[in-house]
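Shared between the two complexes below is chain A, which pairs with chain B and chain C, respectively.
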Partner chain A sequence: MRAANRLLSLLLGLVLLLGGLLVAVEAVLAALGQASLLIPVDRWYEFLTETEVGDRGVLIVSLAVALLGLILVVAEMRRWPPTRLPVHLEAADGRWWVARRSAENRLESAAEDVTGVVGARAKLRARQGRWRIGVRVEAREGSRPVVEQAIEKTLERLSPPPDSSVRLRLVKPRRVA
Partner chain B sequence: MSTDRETTARAVAAAALGVPGVAGLTGGRGAVVAATNFPGGRVVGVRLTPTSVWVHVVLGRWPLNLVADEVRLAVRSALDDLQDPRTVEVVVDDLDESVLGDLPATRGGLP
Partner chain C sequence: MDAANRVLWTIIGVVLIAAGGLAAAASVGWLPGVNTDSPLLWSELIEQWRAWDPWALLVVAGVALILAWLGWRLTRGQLHRSGGPAIPDLSFDAPDGRGRTVVGRSTLTGATEQDMQHIPGVQRAAVRLLGEHDGPELRARLDVGADAALPALAPHVADALSRFSATSGLGPELVDVTVKLDDRPARRVE
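Now for the complex of A and B:
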């Protein structure tokens, strides 16, 4: 993710740099009364001055931009899972946290280590200083006590805050052809 | 604050790494690396804010609360030596599977 972010930032930077340089060169050429280099200025001018607000193309582009804006607003407003979860500490000075994905991985590994478990998916959320733990395990119902024990043991080691809730859901393993 | 960023970050990193059970410091899991930058270098895994000092660790010992608390105390002690009153925030970003082992169940000094 970090590498992808850097690559995208680099690409965006390059596009902006080249675009800026091109506009500057075109502006100088236009000021000197020379023909444009790459941008078909006359055609663009004609199109922009002759197109009306009610045109189909304008409406389609406006709707698309509005939709994109709406998607971005919803994505920003949505409550995304936290990257780290608070852990209770009795000391007055300072706190400590656990990376959510790392804790989820531990719970999934613990469940998957149980014989008869085909797969596991853990979800951790924090609300009012407590963890809400959901584990979905692909296994037969008979495995429930052992899976519960494995999860409990892992949670003891992860030290979640007191009164954290655990919800274990067992689903039938899918048949493998 | 009575000292510069580099000294604080290096002291915090050394204190955290000195705790048994700490497998290393990490830049965190976010898009931005958790680090303290200063002219000529940076300390990854330590982030200084005006009110807190964040330490991002990879642990190799269970249970986490004991090791994390030892890290907090060690960093607190290092900050006290520098007369830095900022609070300590420890983030367990990862667990090192290769060295993961259990601590004795009782508190009072790590082996």
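Now for the complex of A and C:
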């Protein structure tokens, strides 16, 4: 979402920059009584003076604009996962972080390294300086201690803050036809 | 930048909802004072526009230029890296006053990156120096192997930072290290 926002803002910036310059030039040309360069002013004038407020097209475009606005607001108001999580290291200078997605991948790989475990999904979030770790795997219940051990071992390497919580969920493996 | 973008697009979303909602209400005749049979550009507006000619066009040109300037600022902001301005180059005057030695910041960051890349487990290091000489901020991004252990990494990074301080004479006031683990860990061959 952050990358999408940045791309959208970049596009908006370019549209404003180029569109603004074009409109400024066209407006000055029109004020001097010169013909327009790129904007088909006559066609636009004709369209806007012939299209009525109650036209179906106006209603559809208005609703689409409102819907687009609603989608934007909902997407922006949602809680976004953090890009990095704080790390707790005794012998470290400064603040240390680990890239969230890479840590999730590491936990997933560690769980899947256990025999009989497939489809691991890890979800890391930070709340009040602590991690909330959720791992879901497809495995038999008997594998739980080994998977827990694999996760614990990986977390020792990642150094989450103390009191971080781990929630491991095992679901029945799907049968392969 | 991310927070600013989020605020910007939330505001744009609210404006689009308001504009689209009002236009839809006008289109179905729910907005008092708006006739659904009238054109989008109604005659009174056109007459008023012509009465203001050519000033209305010049105002449009002025507003368009302001929008273009805002667009430029927005574009530049997206292309700029966040975190503030980079540290200026280091400059040392010769004791006898004849000459000056300049050490570019890219030389400092490049040397620190190379130093950090020699740490076991580190595949790639990217270092940035921000702020002023009397309290710079050092930001490091370390790409490490999937099996790297962060507690083992920290003392090596501390050593690299000590060497950086000893060489450059700069003592970073703030150190910010982000570690990215290799997405594809080395699998056991069975």
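Worth pointing out:
Rule of thumb we're sticking to: the second predicted complex is superposed on the first by the 128 of 177 C-alpha atoms of A that agree within 3 Å, B and C clash if a C-alpha of one lies under 4 Å from a C-alpha of the other, contacts with A are read in each partner's own complex, and residues count from 1 in each chain.
Heads up, the rule we're going with is that a residue touches a chain if its C-beta (ideal position, glycine included) is under 8 Å from a C-beta of that chain, and two chains touch if they have at least 3 such contacts.
Remember, predicted model here, so these are calculated numbers, not experimental data.
Legend: residue contacts after superposition of the two complexes on their common chain; A:W97 is shown touching both chain B and chain C. In the superposition on chain A, A:P82 makes contact with neither chain B nor chain C. Look at A:G129: by the touch rule set out above, it reaches neither chain B nor chain C. Applying the stated contact rule after C-alpha superposition, one finds that A:E50 touches chain C and leaves chain B untouched.
Comparing chain C and chain B on the residues of chain A they touch gives the larger count to C. Once chain A of one complex is fitted onto chain A of the other, the partner contacts of A:P40 are absent, as it touches neither chain B nor chain C. After overlaying the two complexes on the shared chain, residue contacts for A:G116 are found with neither chain B nor chain C. In the superposition on chain A, contact is made by A:L12 with chain C only, not with chain B.
In the superposed model, A:A66 lies in contact with chain C only, and not with chain B.
Contacts of chain A with chain B, set against its contacts with chain C after fitting on chain A, overlap at residues 2, 5, 84, 87, 89, 91, 93-99, 101-102, 106, 156-159. Note for the complex: chain B touches chain A at residues 28-31, 33, 62-65, 68-69, 71-72, 76, 87-95, 102. Residues of chain A that touch chain B in their complex: 1-2, 5, 83-84, 87, 89, 91, 93-99, 101-102, 106, 156-159. Residue ranges of chain C in contact with chain A, taken from their complex: 1-2, 5-6, 8-10, 12-21, 23-24, 26-29, 34-41, 46, 53-54, 57-58, 60-62, 64-79, 138, 146-151, 154-155, 157-158, 161, 172, 174-183, 185, 187-188. Every residue of chain A that touches chain C in the complex is listed here, in rising order: 2, 5-6, 8-10, 12-25, 27-28, 30-31, 45, 48-55, 58-59, 61-73, 75-77, 84, 87, 89-99, 101-103, 105-106, 109, 113, 156-159.
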